[in-house]
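Each chain gets a letter, A, B and C, in the order it is written, and its residues are counted from 1.
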Amino acid sequence: MDRMDRNVVVPGDQLSDDPKKAGEGTYVRDGIVRSLLYGMASSYKDKVRVIPLAGKYVPSPGDTVIGTVQDIVFSNWIVNINSPYEGLLHISELPRKIEMNEMSKYLRIGSSVMVRVKDVDSTMKVELTMNDRRLGILTRGRVAEISPTRVPRLIGKGGSMINMLKKELNCNIFVGQNGRIWVDGNDDDMDLALKTILIIEKEAHTTGLTDRIMEFLRSEKEARS
Amino acid sequence: MSDVVMAEIRKDYLYHLVLKGERADGRAFDEYREIVLETGPVKKADGSALVKLGNTQVMVGVKIQPGEPFSDTPNKGVIITNAELVPLASPSFEPGPPNEVGIELARVVDRGVRESGAIDLEALCITPGEKVWIVFIDVHVLDDCGNLMDASSLGAIAALMTAKVPAAQYALGEDYPLPVKDVPVATTAVEFGDAIIFDPDTDEESVADTKLTVITTADGLVCGMQKSGPGFISQDHIYRIVDIACERAKEIREKFLEV
Amino acid sequence: MIGMDEKLSFFKDGLRLDGRRPDELRPIKMEVGVLARADGSCYMEMGENKVMAAVYGPREVHPRHLQEATRAIVRYRYNMASFSVEERKRPGPDRRSNEVSKVSREALEPVILTSYFPKSVVDVFVEVLQADAGTRTAGINAASVALADAGIPMKSLISSCAAGKVDGEIVLDPMKIEDNFGEADVPIAMTPSGDITLLQMDGRLTPEEFRRALELAKAGCQQIYEIQRRVLVDRYSHVEGEICEEPSAAAEEEI
């Protein structure tokens, strides 16, 4: 019995009897494609895949993430990136040259940074970089955290959701792949932004969300004025 | 399992809110989160209570068994309070015997019960010098989202108030309700710059350096106090916390403990 | 307490002391996602058993030397609250809880895809809040749901229950009084397709009786599986559509 009746599947649920269709989040045993995850099953380009409803962030090269500095060890900042794996930001990966004895002055423990994952090796050593004008130390604004599995929905198809939010909320918003989100604007706009983000996280799996959010924002802003 | 360093940007935000007279979840400084109290969830225990204080969840079980009295108090029953900060309740709790935080929690809960005279220890005497009732109060933390002290104390007194002395199974007569003579309630606040914040949640607890718990009795007497944390606390703040504690505790007694 | 000269009968008109048929499970209640701090959680009641299971992970291993280069390690800690049993139990692990933890871990490990998270740990914690025979099976059932709730990749859920022999009859899901005076206890755990991951037995059974007990327990596990699955699916019961059609490529953002 193919369990795609309501789209929510649990590990082991049968998705297809055609092994060629096995996509992300599935495995094949005895010719049957089954779910590996608690998530939503969907067909995408001839493949059946399962999008997780829960789970931790695993860093991947190219991801931009928001982290918090936990420690400084020799020439590396140890950065918490909301993952089972910590990130290492090496002194040479900054936009300018810093001496080892200036490290704490430049970037101290507790600081938040926007960085990119440069490399993840087979021992799960995660190398970060801040050497790009779009990356840097976060000195203002607020950082919220959602489940990394909801990030694609928060961004939306081609950025549709996130662009709508930036426009309607008059805030700078950056969504890290690791589920951390930075917002910057005036206090009231940031409050509304964070409130909206939490709603999106909660209802990520429902249809018509973008329209509902737009409606929500319009009515909140009307109520304010 | 080690504690994660909190982002400064988050700390700054909490302080910024406090300066405006606000908290992250919109509560007033002296406002408590929603409390849900369920008594008797563990029928096999002689008394039990599940307390939900916001997202914090604590289960307290009371077991009453006959045993030997302490040699220096041959006519008195015994109260033994323990708290288990089990690893399922928080990423920073590790398996093993209670550490100083767990021990402190148990001892402060115990202080409230003992010093208020809530349990008449002499009434727990069966045969002087030989046999008395031992009341075990076991706090089992299920979800630490801040302010375990108040949640655990509330659970303890609620479990005691609904407990039965299981005399029948020991051929010591019929089962009867444990006589409880007072209703101690703990009120905890943290110091945040110049402000005092009651019923702190996880973030507020991490940021604050100083915490004060005040336990009051049904008559409005102070029967227990504990300052914890490495910071200072001003006298003004102490007096204010005591005043508010009396009010808060009265409200909680009236609403949840039918007193 | 039962007098020495009284013989307690465990069956009356073919029904057990709590009114169940020999092949009937005790009533089950399950709730998923009940704890805020844990990554995954499940509260379960199986008859008078009350257990809470929580999963943290994958997360960093402490102490570091325990970590494995190519896969996550799985840890399982079964613990009984002092007030969970008839006579108050001293807090902390004892030899029994140590064994239960080991076999429970080994019941779940075969389906967890540990290779997805090298050098990390998946921690499973089960707290027994009230015990009435079958706490290890309840723990495994709740742990399995908590693992799914935490997003841990698995080949399938694991379901667990026990069969026993009481008054000469093979019965499903013995409760405490049946277990105390029974002649055998056979707890098992299995995947929905019948692969067994936990098997223990104590007592005295003929090979034929054992076969019947195993088949009965397997049937019980199937029923439990449907409940576990339902509680996970119903959580998102107002689902109508997909999250987002495109795979996880993020749009490039400007600061």
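Here is the rule we use: a residue touches a chain if its C-beta (ideal position, glycine included) is under 8 Å from a C-beta of that chain, and two chains touch if they have at least 3 such contacts.
What you see is a predicted model; the values in this text were computed from it and never measured.
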Compute per-chain Cα centres, compare each with the mean of all protein Cα atoms, and return the closest chain.
C
More C-beta pairs touching across which pair, A-C or A-B?
A-C
Chain A and chain C have mean C-alpha positions lying a whole-number Å distance apart equal to 32
Distance between chain centroids, defined by C-alpha means - chain A, chain B (Å):
38
Multi-chain contact residues (two or more partners), chain C:
59-60
Within chain A, the set of residues that touch 2 or more other chains is none
Spell out the part of chain A that touches chain C in their complex, as residue ranges.
6-13, 24-25, 27, 29, 34, 36-38, 40, 42, 44, 51-56, 58, 63-64, 84-86, 114, 123-124, 134-136, 149-153, 155-159, 162-163, 172, 174-175, 177, 204-208
Residue numbers of chain A touching chain B in their complex, please.
68-71, 80, 109-112, 138, 141-143
The chain B residues in contact with chain C across the complex are 1-2, 41-45, 48, 55, 57, 59, 61-63, 65, 82, 84, 86-91, 95, 97, 136, 138, 140, 142-145, 169
Sites on chain C touched by chain A in the complex
39-40, 57-60, 69, 111, 113, 116-120, 148-157, 191-192, 228-229, 232-233, 235-248, 250-251, 253-255
Which part of chain B faces chain A closely enough to touch in the complex?
4-11, 13
